[in-house]
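Going in written order, the chains are labelled A, B, C, D, E and F, and every chain counts its residues from 1.
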Amino acid sequence: MKALILLADGFEDLQLFAPWYRLREENVRITIATPWGQEATGSHGYVVEADSPIAEINPNEYDLLVIPGGQAPARLRLREDAVGIARTFLEDGRRVAAIDHGVQLLISAGGLDSRKVTCHPSIRDDVRFAGANYRDEAVVVDGSLLTGRGNEDLPQFCRSLVAGLAVRA
Amino acid sequence: MKALILLADGFEDLQLFAPWYRLREENVRITIATPWGQEATGSHGYVVEADSPIAEINPNEYDLLVIPGGQAPARLRLREDAVGIARTFLEDGRRVAAIDHGVQLLISAGGLDSRKVTCHPSIRDDVRFAGANYRDEAVVVDGSLLTGRGNEDLPQFCRSLVAGLAVRA
Amino acid sequence: MKALILLADGFEDLQLFAPWYRLREENVRITIATPWGQEATGSHGYVVEADSPIAEINPNEYDLLVIPGGQAPARLRLREDAVGIARTFLEDGRRVAAIDHGVQLLISAGGLDSRKVTCHPSIRDDVRFAGANYRDEAVVVDGSLLTGRGNEDLPQFCRSLVAGLAVRA
Amino acid sequence: MKALILLADGFEDLQLFAPWYRLREENVRITIATPWGQEATGSHGYVVEADSPIAEINPNEYDLLVIPGGQAPARLRLREDAVGIARTFLEDGRRVAAIDHGVQLLISAGGLDSRKVTCHPSIRDDVRFAGANYRDEAVVVDGSLLTGRGNEDLPQFCRSLVAGLAVRA
Amino acid sequence: MKALILLADGFEDLQLFAPWYRLREENVRITIATPWGQEATGSHGYVVEADSPIAEINPNEYDLLVIPGGQAPARLRLREDAVGIARTFLEDGRRVAAIDHGVQLLISAGGLDSRKVTCHPSIRDDVRFAGANYRDEAVVVDGSLLTGRGNEDLPQFCRSLVAGLAVRA
Amino acid sequence: MKALILLADGFEDLQLFAPWYRLREENVRITIATPWGQEATGSHGYVVEADSPIAEINPNEYDLLVIPGGQAPARLRLREDAVGIARTFLEDGRRVAAIDHGVQLLISAGGLDSRKVTCHPSIRDDVRFAGANYRDEAVVVDGSLLTGRGNEDLPQFCRSLVAGLAVRA
């Protein structure tokens, strides 16, 4: 099992660490990719090393895509390489887990039409215009797509994330 | 001539001060409204007193609505009163000037369909899904709707803002 | 299953959130206690509400004591009520999980003699003088006592924490 | 029409941006000069690129000198090149616009004797000892010398600044 | 022996603590006065309790006036009570010790004419216009007036401060 | 008379400057050593240049060792070279002055057995386990060992520090 995390400066720290550490606890191998392979700084100041530039990522090598929220997705959605990776995962029906503003990258990837989705409330209107069925819930599972609302929902988000691993095994 | 500025914490400071001071230079009377009438703090630390809570604003008393960007619009678009004011201005064809993320409030107000619009690049996909005709330009004027891209475009944004005043006189 | 977390200002944020959210994922009921029942602010700025002042805690109602690190334990070890709670857990042989500087509270509680322990390297000499058998390892389990070294070891710390829950069930 | 802005770290951000953007709105060509041509950081964190080191500036190429306030003028008045430029403008009777602590540079240039001047209140005694006729007013125009008191007076300062452009044309 | 320290927000921390602690070492009794008797915060974040509002100070009860620098003197020189205290000390020929921007308060008090003085270089021109004989030296002693240049000169400033105590004994 | 100050990032600023400037006032020659000879930043932001890397220090060339507190000693006690220097001073009976958390380095050096010591209250239990006789006093002098409790005690700490110089002369 291999997971890919897309990251950039301004990520919401807990939304990286909670799923990252949870997946490591399950022995999932994880690659963190940032725009130029440089380290990324969270909105609360945690600094994380990257394993790879996004441009060098082959999405077919990964079973799971994780997109933390905060201000990082606003940076990532401006990059064709990051948007393309999210699109590939969505189109192939492979597992995607996005939380909070992480859903912004999925909007840009154009794959939310008719999908049930939750996200940070401040982007709920954007999600609706993108054709998604917005739910104000802690987490929403729609097939291979897992979305979460915010920090307070991380325990449920992680539980669903790990439950999904079992399904794939 | 009376103008209304909708503000909340996290506004991009220059996007408030440049049009605010520019309109004062033209002797436009300005009301700053915040969610509870409390002071608002910009992302660079400037603190601004409010004249009124948003809920007590009657949009019909104003000729012009100004919406600075930054993180304030993400807060404002969660409030029915703020969204309703923007919707009233758009539907009545009265003048609206939004810059950067200020356009997020217009998306939530649901009045961007077929309008020519610019905004911060990170929300261009949201603007497109909302039906708008996105342009990557410094400022875009579409009838009574003026939109601007970002800080660097404030001189042009202010010039268009003031030119519009003359049209209305 | 009920767990108690002792907290004060300056806690290392991830060392609170990772075990807290992990235990919530397992449906453990958790009480966060601070010196006066006030909210606590982590060294990275996260603010957490408390459920109770420490002085009103009855340690016999809890199965597990969790002590995050950072600068909070230096504050807690100055308080007789916090030290007394840790001592009660250690003397009764009930489960204790401390990480990083959290071990400082256990030193003050006087129950580390001949116990195998890991901790933040900067207090390893204090742990040795307190009679403990210091190990430079990610996590150390010595009977009902679980200790962890630092942030990077949180995945293993959480795995041991949850494994211990199963033992008690 | 060409304007020169003298800048250094610690400038009061709005006192740079309001006149700078206002002049750009009027299509004035502007050169920003800093001690070594390096970028300058305002007291609220805005970072501005410089067009030139101060030492390479020929004051005779400019019609207008603008001196924002904050802590930058305290740095500039220690440099002979910056003081010399201000002195040249004052002695030649060319236009000078200074606001807040920007007036400190004019004190050091030695050209305030018998001039009517306003400034930040905390340096009013220095202005008086320098021979100036201090006024506690929003803006003061004395021939080719325009001075302003502080941020709140920027709309009037900019109005006078632009009115002066017309006079010169 | 009694000393008075005039303080306000923005004081340069070391310029308070070095002479304050040094005088305490010599068993001098010290009163710290701030504008409203409130605590004051230094530019590096140290917070100091005040003993008295400035308005309630009777300068005749003190043998020595100490004025730290930083941004506090710019606030103090705007207050008649603070300026009046400095003037009383200077006119009575009682001991005054000012360092860095602390000399700004002496300018406003109008008693520097023909006095030998050092100060922060950025206000040297103000000191000259005030009639003083400026010296670019670590410390300058002119009768009962001791002035210092900056942080690096604090050891010499404190030595002169204490030597002055002996003279008065 | 030569003194050595051991420093690292996170030192409590006043605990460096008060004794450092006080010793300079007495014309003591001082060497500041940091882990790699790099500059060190205090917890309040003061930046200090180093004279030497710790590894190049020969402790026999110094009459006095000064160890400021804050978070620097937690870094220093992890380094064999720093611990070794402290051990040499203690074993040789040469003068050592430590304040606040500076005493942590002495614990690691293993020379506190049966010594009378004060320190920051949060490490008093560590001091006791190390065999020292802990006193909750401003300063404690035990032969050639001077210890201080915290910032508020710096005047007494410096008085004892200087008194000790006289003894050695």
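Please note the rule applied: contacts are C-beta pairs under 8 Å (C-beta built on N, C-alpha and C of every residue); 3 or more make two chains touch, one makes a residue touch a chain.
Listed by chain with UniProt protein names: A, B, C, D, E, F = DJ-1/PfpI domain-containing protein.
Because the structure is a prediction, the values reported are computed rather than measured.
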item: Farthest chain relative to chain C (centres taken as mean CA coordinates); value: D
item: Centroid distance [mean C-alpha coordinates] between chain F and chain A, Å; value: 49
item: Intercentroid distance (Cα basis), chain E paired with chain D, Å; value: 31
item: Chain A and chain E, separation of their C-alpha mean positions in angstrom; value: 58
item: Touching two or more other chains - residues of chain F; value: none
item: Touch-based graph of the chains, sorted into line, ring, star, complete or other; value: ring
item: Ordered ring members, chain B first, chain D second; value: B, D, E, F, C, A
item: Touch list for chain C against partner chain F, complex; value: 74-75, 77-78, 104, 107-108, 121-123, 125-126, 129-131
item: Chain E to chain F touching residues, read off their complex; value: 13-14, 17-18, 21-22, 24-25, 44-46, 154-156, 158-159
